[in-house]
Every structure is written in structure tokens, then in C-alpha cells.
């Protein structure tokens, strides 16, 4: 199995203007900070970011909001990042708010070859505007379409060189599902293992989904 | 957390005529044989069984086909159980064949509160007959409806008394998803642990989904 | 002698009394989080956190403990024995699939049809709905825990005016003044503070009240 | 000197030559399983088994080894270093989501439009489609590995007559006699056995052939 270890400089070079990028994490818990550094260093502009939230000031996706690299955010919650709200109200950031469970299913659909999720969530609210409603077995559901990305940036606790990864504690969040739904997947790991060192029962992302791997530092952002 | 350990006799008593029952396993690998014993002992008739396949002669769901307790089977493959094919051709068993990935998603939808799966699988085949087709982002999908059960019978490698469970090797198969999709869930475990003995990262079924738990014998059916 | 207990804690304590032994409970960020401090001793609930925990324990202040476990508000938490950790798709299988018995959410407004507004004041307050819409749609029982009024203005209305978080979903409203069940599109007061009269409660509520005390 | 190699193994060996290094491959039950025996030494593929394995190794005869790991045909198998075990919903995320590079399936019939019949002879043979329909719909490339004829009757047709397993899905057909790519609704012969003429191959095939040798 091929090693996916990639130099930081190569990763920086691969990030382009206008990309749609998924970033794992929940309030920056499980967010790859070194890969966020790489996005900043790339200077890529006009990005669309897909993530559960926009982090907290100084950590996670928040750092990309601060550098004005992001044109659009698709997310469920930005309440702990006042800068995102300011920019959205000022009209300098296109903020698309999506219910958290819907966001997860939209990403899963793109990754699983499914045409969309039929969910009761958001019926009767602004979320339902302009969307198809489908009745099944006497209940009404919203059709939420698949959500795919050019790039997914993920953070694991442990990965082997092939990219098989395990996420600890509450860092699993969006990392596991996003690995299926992007053309290119880059994983930042806390701990780098040799192939064969992860128990096959505990692998949560298969290396077949991972294109590039880099060891991050355990950091205190 | 309440212990879910239940006596075999109680389980036998709870199985009723006409029930729709999901049974975990893949060619009887990961199938709860002691719970199959319980279904046989209950004498319940006119059952609908939902499972990946109907086992192999003498093992798994096959044993219920042999006792004529099953009126209908919803499954993806019966090729290794000649008795199922014989009965289906003779007209004494209603055999409903479903693509394996579709079956898994139908069960997941019921368990996840979703209105159905939009899948490309089966388009242009007999599977598509009588089903709605939905176009999303320029592609056509079949709408496959949720599939729920009265009872799910599952087999774990390890469970704690609350019902938190872990499935080893290729025994995960349908066991994990079925736990979400039935009114009553019964788990047969190889190894019974105390609450707190399973690493929270390795629990694959939460005890909140489990109603009854029984220790099985590692058996050589 | 009266002791000055913060209103939030009065509400949290009353909401905690609505829980039952063995219930799987999700507590929203903010006021509902306080409910965990008032769960009766003879009641054991299993706390779900939508970012990936079943069996969440109390906050821990030492970040070295369970370093990788946080709650949905970003606070470091412990795990109880018998807990499970999982990803977001699994989390919302639990929530949307009806496997959470009770969700307790805060409110900006709530109305007699059971509609809830909790996530947006247009042009002013746009934190996003997070998991609230899924919780409202999926939890078996939805309890709203909120102050009865906001700067003297009623939050319990005939019809919400802020954008809906969910419609026809709320089962029970707990405020510092009363506990209200929503029954057939009406507010039915089940419990009331001894410090207030029916008339005073009606004046602080912008919808008709029925009393079933 | 000729050695009598079983037709199945000739087909399996030719199909194995279609694989590329690093490919994620699912081998159907039956003939396609034999492909694993003929993978070239300089090609490493990652075998997916729809019952829950990525990185499947060879069969093991000692059931004490990896007791809980079986392939989709029910045979006890080993795991290669770097493998992953998972449930059925995850398995079909891999398959349907386009994360499997190549699926190799058997056939009862296959036609020039790329439609495949592999799971049913009405009233006679009804094993079920198992994962075949999902593999046909989801794998990036679908290779059919089959004998060219069945009891002298062609299996490669203008239009399948048995119930379809999938339509317009097959990319390549490997038989003991030739390798055919399906291009714009036509059979294009890319490789041919030295033991047979074009005319003989055309006689054994119930659809027009183009030759691109």
C-alpha cells in the first residue's frame, strides 16, 4: 500500500482560488490546524468552506474568516464566532445556514452515491424555501441535495502511512463522513503509524479515500 | 444504567405470530443462533424476516425457513440456501429480493428518521417497477422507502450489561444498522461485560437502542 | 426569608423535574445546559451531546482529563461509564430517528401551536440553528426552557413572529413562573409559582391560558 | 505441447491482467473470485468484500485464524496489513459512492449496450442480486468475466433476454476467447486468443464485433 505522506509545501501548492473545501471539526475540536495554516499560506481566495461551524476566534475555520479568503460558508452554527456574524450582516460573506443533521446527510449522500436526503427537519421554516417536498408512507419530507467538495481537510488522532485513520473522543464529528465526499482528501494526524499498526476494527477512514497525509503538531491554538 | 439481561424464556414468550423481524448476519456470520432457537421455540408463525440472506443449510435464518414459520422474506441473496429457492418457486414462501446496498439504506432510513433513499441501483431493472423516480442534479434515482421492523435480533462479540455492543471482524454487517430500526432490539453476545468495560470509542451499538440482552454460547452450528 | 436564586437556575431546576429515570436527554447550549445541575438524585438520565457523546458526564476543568471530549458548547466534559462516542451522521440517526427521549431547548419565542423560534432575529442575531431543528423534529418530547418574558415583553405568543426553528413541535414550556403543556393548539398551565396569580400570569403571556392545576 | 488449463482459470488470468497497481477491486462470488489467484506480482490491489472488508487477503483453511473474517462467499479469509473492517451501510458507501475502482462480476448474458444479466433465470434460478446491482451502478469500472458461450449458446448478445442486473454499465468483457470493450454501444475486440479466427469468434457471438487488435 502506497504511502500518502506529503510535504507541507506540496499541500500549500495544491490549494487554488475558488475551491470548495470541507473542513472537519466541531468548534475547532477535530480541525486540522496545520492544514488551515497551509490554506492561509496558499493565499487562495474566493473559497467556499463547508464545516459544522466557523470555529472560535483564533482557532479552526475562524482563522480563514479573518484572512478574508472565504467568500461563502455552508455551516450549521456560527454563534461562537462573532466575526462570521459581523461579516455576514455586513454582506461581505455569503453565509448559508443548514441544520446540522441535514448538513451531515447531504455530505453523506455525495459520498455514498445517493441522490439526496429526505428529512423532516426544517419543514415549515425558511430552510424549506425553494426545496421539493416528497410524501412517503403518509409523511412529508424535504429533499436535501448532495453536497460535494473539491477538497476535504481532516484531522485524525492516528493514521497509518496509507491513510487509514482513527479519530478520538468528540473529534470524529464531520471528519468521518467528509472523507467520502471530496475529490481530494488530506488528513493531518496527531500520531503517524506504520501500515498494520491500526486494528482493522478501529479504522474509521480507509486509506483508499485519502490522497495526502501530514503529521501535525499537537498544538495549543 | 439499567441492565438489559433477560431470561431466554422471557424472550421466547415475547415472539408473536405475524411479526416482522430483522436478523443480523451475512451467511450466518454474525447471526444470533440462540435467538433463532428462541424464535423456533416460540412456535410463532406467519413471520416476515428481513436479513441479508437466508443463511446456509442448518445455520442462521435457514433454520426458520425449514420450520415453515416464515411467510415472507425480504433479502438480497438466497443462493446458498437451496430450500429458500425451492419454496419460493413452489409458491409457499413470498420472496422479495432487494439489492444489498438498497436494503441497508432502507433500514438506515427507518432508523434515522429519513423518508427513504434515492439510489441509482436498480434503475432499468425489475427492481424499479412501481417505484418513483426522482431527478436530482441531472441524475435519476429510485426512491426506496424506509423499512422498519417489530423486532431486531442481533449478535455481538461483546456487550456490556446496558447493551453497548461491539461486533468483530465481518460480523458487523447488518447488525449495526438494524439496531436503530426496530421497536424492540434483542442482542445475543458472545462475551458479557460489566458497564464501563467497553472503550467508548469502540462501542458500535449504544445500549439506549437495546431492550434485551442474552449471553449466547460460541457455537458450531 | 427569601434567597435570591438566579432565574435561569429556577427554570433549570423546574425543567429537570420533567425528566424521568432512564431517559435519553439532549440539553441545548445555554440555559438548558444548567438542567444537568438539578437532575434529582433518584433519576438517572443519559445525556446525548450532538457532537458525538452518549453518556456525557459533568464538566471538567482540568483539560488533561478526557482531553478529546467536549460538549456541543465547546466545554471539556467527562464521560460516564457505559458511554459511546460517535460521528455526526450517527449522532443525528439517534436524534432524527426518535432515539432521544427528551430535548430541552431555549427559546426567543414559542407559541400555542407548538412552534418555536430560537435561532434568528433577522438582521441582528444569526448564530445558526446548529442541531436545534433536527432535535425539534426528531426528539420524542420537546421541552422549551425559557424566561417567561424578555425585557418585560412576553415570549409566549399566539403566533411566533421571528423565523421558525420548528413548527408544531413543542410539548412543554418551562419558565420561572409556570409549566405549560401544549394541548390541541392551546397553552395549558399545569404548574404555577406560588408568587403569582392567574391574572398576573395571563398579563405576562400573549396568548390565552387554560389552567389544569 | 498444450496443457489443459480449466477455462475458468484462463478467464480469471486474463481478467487479472486488466487490474492496475493500487486499484480497489471487488470480485464477485464464483468465477471472479479466482482472479485473486492470478494478480501479477508487480500489481498490488486492495480487495473489497461487500460483507465488510477492505484489504482482504487469501483464503485460510485453518478456521482458528481470523475466525471472524469471511468473504462474501462465506469462505474464511485473512486480512492484509492496513485493512479495515466495517458494516454494510459503510460497505455500500464505498461501492455506490464510486470509491471502488473495478468490480469484476460474472454473467448469464451481457449485451453491446453494456447491460448485464447475472442474477436470474425466471422460474429456474433466483439466487438474488446480492450486491451485484450496487456494484454495477457504483464501481468506476465494471468488468464482466464469463465463458464466451454456455452449452454452445452465445452469452454475448445484441440485447439481453434475462432480467437485467444493470443497464448500460459494463465497460469490458473478458472471456476465454477474447477481451472486448464496450464503446458507444458496440462490442470492440481488443484482444483475441491465437487459437481462433475472427470469423469463428463472430459465429460464437450474437452481436456484431468491431476489431481493434
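The chains carry the letters A, B, C and D, assigned in the order they are written, with residues numbered from 1 in each.
Simple rule for what comes next: a contact is a pair of C-beta atoms (placed from the backbone, for glycine too) under 8 Å apart; a residue touches a chain by one contact, two chains touch by 3 or more.
Everything numeric in this text was worked out from a predicted model, so none of it was measured.
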Which chains does chain A share as contact partners with chain C? B
Tally the contacting C-beta pairs at the A-D interface and at the B-D interface, and name the larger one. B-D
Chain whose mean Cα position lies farthest from chain C: D
Approximately how many whole Å separate the CA-defined centres of chain A and chain B? 33
Computed distance of Cα centres, chain C from chain B, in Å: 35
For chain B and chain D, what's the span in angstrom between their mean Cα positions? 28
Quick check on chain D: which residues sit in contact with 2+ other chains? 85-86, 92, 95-96, 137-138
At which residue positions does chain A touch at least two other chains? 105, 108, 113-114, 119-120, 168-169, 201
Connecting every touching chain pair, does the picture come out as line, ring, star, complete or other? other
All pairs of touching chains, each written as two labels joined by a dash: A-B, A-C, A-D, B-C, B-D
Write out the stretch or stretches of chain B touching chain C in their complex. 1-2, 108, 110-114, 160, 162, 164, 180, 195-196, 198, 200-201, 203, 206-209
Name, in rising order, each residue of chain D that touches chain B in their complex. 29, 49-53, 66-70, 72-74, 85-89, 91-92, 95-96, 115, 123-124, 126-134, 137-138, 163-168
Residue positions on chain A within touch of chain B in the complex are 105, 109, 113-120, 134, 136-137, 139, 141, 143, 145-146, 166, 168-169, 201-202
What part of chain D is in contact with chain A in the complex they form? 22, 24, 44, 46, 54-55, 79, 81-86, 92-99, 137-138
Which of the residues in chain B come into contact with chain D in the complex? 26-27, 29, 52-53, 56, 75-80, 85, 88-89, 95, 97, 99-102, 104-105, 108, 119-127, 157, 167-177, 204
